[in-house]
Amino acid sequence: MSIEIRSASKSYHGAAVLNNFSLSLPSTGTVCLFGPSGCGKTTILNCIAGLESLDSGRIIGTENLKISYLFQEDRLLPWNTALKNIEAVLPRKNSRALAAEWLRLVGLEAAADKYPCQLSGGMRRRVAIARALAYGGDLLLLDEPFQRLDAGSKDRMMELIEKKTEGKLKILVTHDKKAADHLSDIIYHFDGKMIKILDNINSERQHYT
Amino acid sequence: MISIIKSKKILRRFFVGCISITFWICVWQWAYLAVGEEILVVSPLEVLNRLGVLLRHWSFWMTVILSMFRILEGFLLGIFLGTGFAILTEVSRVGSALLRPVIGIMKATPVASFIILALVWMKSSQVPVFASVLIVLPILWANVSEGIRKTDRSLLQMAEMYRFGRVGTVKKVYLPSVLPYFTAACTTGMGMAWKGGVAAEVLSSLPLSLGGEIYRSKIYLETTDLFAWTAVVILLSVLLERAMLCAVKAAGVRFGFYSGEGYDEH
Amino acid sequence: SSGQESSKGLQAASTISSSNSSSDSAKTVVRVAGLKGPTGLSMVKLMSDSRNGDASEDDQFTVVSSPDEIVAKISSGEVDVAAAPTNLAAALYNKTNGGVQLAAVTTLGVLYVLTANGETIKSLSDLKGKTVYSSGQGATPEYALNFILRQNGLEPGKDVTVEYEAEHAELASMMIAGKVKIAVLPEPFVTQVLSKNSTAKIALNLTDEWNKAAKKQSVLTMGCLIVRKKFAQENKSALDSFLADYKSSADYVNSNPGKAAVLSQQFGMMDSAVAEKAIPNCAIVYMDGTEMKEKIPEFLNVLYQANPKSVGGKLPADDFYYQK
Amino acid sequence: MISIIKSKKILRRFFVGCISITFWICVWQWAYLAVGEEILVVSPLEVLNRLGVLLRHWSFWMTVILSMFRILEGFLLGIFLGTGFAILTEVSRVGSALLRPVIGIMKATPVASFIILALVWMKSSQVPVFASVLIVLPILWANVSEGIRKTDRSLLQMAEMYRFGRVGTVKKVYLPSVLPYFTAACTTGMGMAWKGGVAAEVLSSLPLSLGGEIYRSKIYLETTDLFAWTAVVILLSVLLERAMLCAVKAAGVRFGFYSGEGYDEH
Amino acid sequence: MSIEIRSASKSYHGAAVLNNFSLSLPSTGTVCLFGPSGCGKTTILNCIAGLESLDSGRIIGTENLKISYLFQEDRLLPWNTALKNIEAVLPRKNSRALAAEWLRLVGLEAAADKYPCQLSGGMRRRVAIARALAYGGDLLLLDEPFQRLDAGSKDRMMELIEKKTEGKLKILVTHDKKAADHLSDIIYHFDGKMIKILDNINSERQHYT
């Protein structure tokens, strides 16, 4: 499996977000997209996920791929409890016990029966993380996974993600330099075009500004 | 503790309802005294009396049951067809193009225009069913399609990504978000089904039907009977509406989603 | 335009016919409600005279379409005199504790037995074993038909099957479409069926059959004039002169169906084409006073025996019948 | 470019609509041939012919205009009262308790039950207006109250914090979120107003009214006329529905909020 | 103006979030609440804002106070453009020009006519910040103001907030230690009860773990 974006272009109402943009992704490891607010990171993830179509260009290697997409917003089902929200993405067999286990892993065993509107912001984020991991996609799209999380939770979530997705390709969007640094094998700085600022797969990990 | 609060709430609601009904009965009594024509308005007490007498006859119960089944049949058919039509119009462009004119016609055409045509194909006891369907269907259709259209796109994208499948998406995303629209339509629809169905019964002065009784009371100037039978219609419609709301709510809870005012109540 | 011409033509005649009845009675305005359909036909001449200012009184006319409106207008005192179905008159009398009176009978039965598609009925006894379609269940047509059948030794439901349809128009359509061979229908549907189904013809006139069955003790009547009792007591002379005018109007309609039909369309009673053919079948009469008091109680009694509610629960007392 | 896409969309919709209508007219023609009884079903062509004849008389236009105004009056009254009632029931507990039974009665009571009483107080030409109100009001009420209840609580809290005031909160939060519910109710309500209003005109066979013409066609067994006048009713209802939707949309844009399917379209 | 929370208690369905909690707030400066996800920070802000009521205890000094509350969620009006969203909180006079100016200050002059669903996550956050500042409350409640913002935007927003709210009391909830450190005069660590871990109003600013 290797994913390639070939000269992708996308614009909204005439304003280009992606302009003849190409990128080759490795088959494993964590690729981090870094960039200012509004530069088009979420748009790229949406295009890879197939939720938005490109104006021109192609994305290769994502057909029939099972993708865990942790959306920038939580997108929990408001009418289901935290537990049911995770159960919803699991195969029916044993889903309840599995979902409860995932909630435990993100530290929310006590909130299993709460509805999203009864959860705090950080708790909702952790449910969304648990759901994305529980689904077990072969490609993970993580759009600011650690927003609204305190330092302790963030560390635990990073650890959990690393442990549960070994050998899979992760595309991470974050504004948190420390997290990017810690998790990523390749870091791109994206601002209209891509600049690779770290490549840990081939070279030594190095600090960037 | 929560259950105590809930039962308290129900009690208070019941109490307020009683006061309100008492108020309106007083207004009625006042109107009776003000008009002073037994042929136009009769007193609530007299109607109650008359109801007491009617209740004792088996024919009353036959009438009520037959009319109720007729109208419920129309209501349920209207719900199924209206929901089905809504799904069709939202899912398929061809379905939408073909069904829209039909629904427009259903909404606007008065029963009088096709009653003769209808009577050729159906028994006159089926006309009230038909009339109810024609009034419930467009209401259901409008609300359910609005509900489908207003389903949160971001949740639908989520369902697509996590491969809920068609059934799963309907069950976990569409159903809960359409439910409040559906419930509102059912509430209005139940009342309207009675209005339309009984009106059709009146027109065809069907024997053993509430509408037939209303027709006869009217042409024989039995105003007490007219009020009594009308009260029966209203009572039945309100009771069935309540029963239906409970059923919809129970189904919502049973299938793991909630239709109530907020999810807090849980 | 031809309607206007003919209405001008009959102004002259009417001035003469009603000139002697215009007496010195005070200028009391009689407010009259007419009913659409055959029961209202006999007052079209009166209405036209009143409109042209030729009548003895400047009475006010309104044409309403349903008995509901008659009930509303009479009980609220909005009109003084109204055309009404005869059984409704009795019911109104009972329900208003004698507040209305029967002023005159204006329409006898307009019910006919029609046959189509080669079916032949010569007399009532021919109906034995046949299926008759009718409309107006729970109302005068049903009770009248049952009465006539029984008087002729036929038990409805046993000797003759009677199927009731919900609406007159529905039954008429079925007959025109050839789905029904024997039907009991009122005017103006009779005229409609006759003109649209060439095989259809009138087999029996139920008014005649009633006369035979009741041995002239009573008449089958569908329409009458009612008056508010209070008005009748306070304005007796005005009412009497109105009734006299009404009688001449009824006579006029009977003797000039063509001209009356035009007026009937103008006042929205009935379409002129239909009315012209229907008027001869509409049994327009004018019957008041003693004759009315002789023949109506027995008619009401027949209804009463069939269903007491149809005449308001009990038979009206003598003060129901207005006497000049 | 956007406007080109838009006008293309409108053209396509128009085209699809035409095909669909053609399809249904073919079905009608087929039904005509299958039934083969002029008294029950007449051919579309004949109806068109008859309409052509009718159109030439000034009385046709009088009839159409009078009926239209009557029904529009009922519709607008129903909208105002229904919205007002919805606000009252949502705002005040007393209002809710007092109005609920009234709306229940309105929904379920057939016109036949109170027509005599109504005729005492109003002219018979007002009855169709009244009948339309009675059918539009509950639909509006149900939808608008549902819309008010479903207004996002978090936005209402925001409005409270930023002191939008009562008027501001209504204008900036309530109105836009109730608008889709309101629009849906208006769409259904317009059709239903015609159904109810024309039915009442039929019952009172009002002169110079569409219902009166339908009544006359029916009792004189003029099936062609019956179909022609019914077609006029349906056509008017569809046209007015369209016009109303445009008006609501324009008002929405004018007052700075949008009712359409999504905010993307802007 | 001095705000005091006196032995406040609040529980949801029997689970206490605030338990006999008291706090005295200074009349100016920035007070930072720091704490793990789900500990009750948002609940405290809601209670101060008067959006939620306490089960027992009182909050003094907030009556008739004009409060700018930057909610944890953005709570933008979805049917209004970015510009109109800011205009909505401004007095009518000159509101358009003022709102445009605020958008410029948060770097969104180009997005004035976009609807919230057309904005990226970080752009929405900046609109919300602009709205809170534009409203000009005497007390600012900032619930994770910098979530979803890149480092550059975050610095600019911090600067803007400091500049525009001088002399006013700000209550800041954040998981971002650097931001807390930079902005706050007093920092509390909250986890069921309050522990003051930094008090810059009386003592030297010091680093905390």
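So that you can tell them apart, the chains are marked A, B, C, D and E in the order they are listed, and the count of residues begins at 1 in each.
Basically, a contact is a pair of C-beta atoms (placed from the backbone, for glycine too) under 8 Å apart; a residue touches a chain by one contact, two chains touch by 3 or more.
For each chain, UniProt lists the protein as follows: A, E = Sulfate/thiosulfate import ATP-binding protein CysA; B, D = ABC transmembrane type-1 domain-containing protein.
Since this is a predicted model, take the numbers as computed values, not measurements.
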| item | value |
| --- | --- |
| Number of steps on the shortest touching-chain route linking chain A and chain B | 1 |
| Co-neighbours of chain D and chain B - touch as defined | C |
| Highest-count interface - the chain pair sharing the most C-beta contacts | B-D |
| For chain A paired with chain D, centre-to-centre distance based on mean C-alpha positions, whole Å | 48 |
| Cα-centroid distance, chain B relative to chain C, in whole angstrom | 41 |
| Computed distance of Cα centres, chain E from chain C, in Å | 84 |
| Where chain C touches two or more other chains, by residue | 68, 71-72, 75-76, 169, 173, 177 |
| Two or more partner chains touched - positions in chain E | 73, 118 |
| Touching two or more other chains - residue numbers and ranges from chain B | 40, 116, 120, 215, 218, 262 |
| Pairs of chains found to touch, sorted by chain label | A-B, A-E, B-C, B-D, C-D, D-E |
| Residues on chain D engaged by chain E in the complex (per definition of touch) | 154-155, 157-158, 160-164, 168, 172-173, 176-177, 256-258, 262-264, 266 |
| Touching residues on chain C, where the partner in the complex is chain D | 36, 64-66, 68-69, 71-73, 75-76, 78, 168-169, 172-173, 176-177, 188-189, 192, 196, 268, 271, 274 |
| Contact footprint of chain C on chain D as seen in their complex | 37, 39-40, 115-117, 119-120, 124, 203-207, 215-216, 218-221 |
| Residue ranges of chain E touching chain D (in the complex, touch as defined) | 49, 51, 66-69, 71, 73, 75, 77-80, 84, 88-89, 115-118, 131, 135 |
| Interfacial residue positions of chain E with respect to chain A in the complex | 12, 35-38, 41-42, 72-73, 111, 118-123, 125-126, 144, 147-154, 175, 177 |
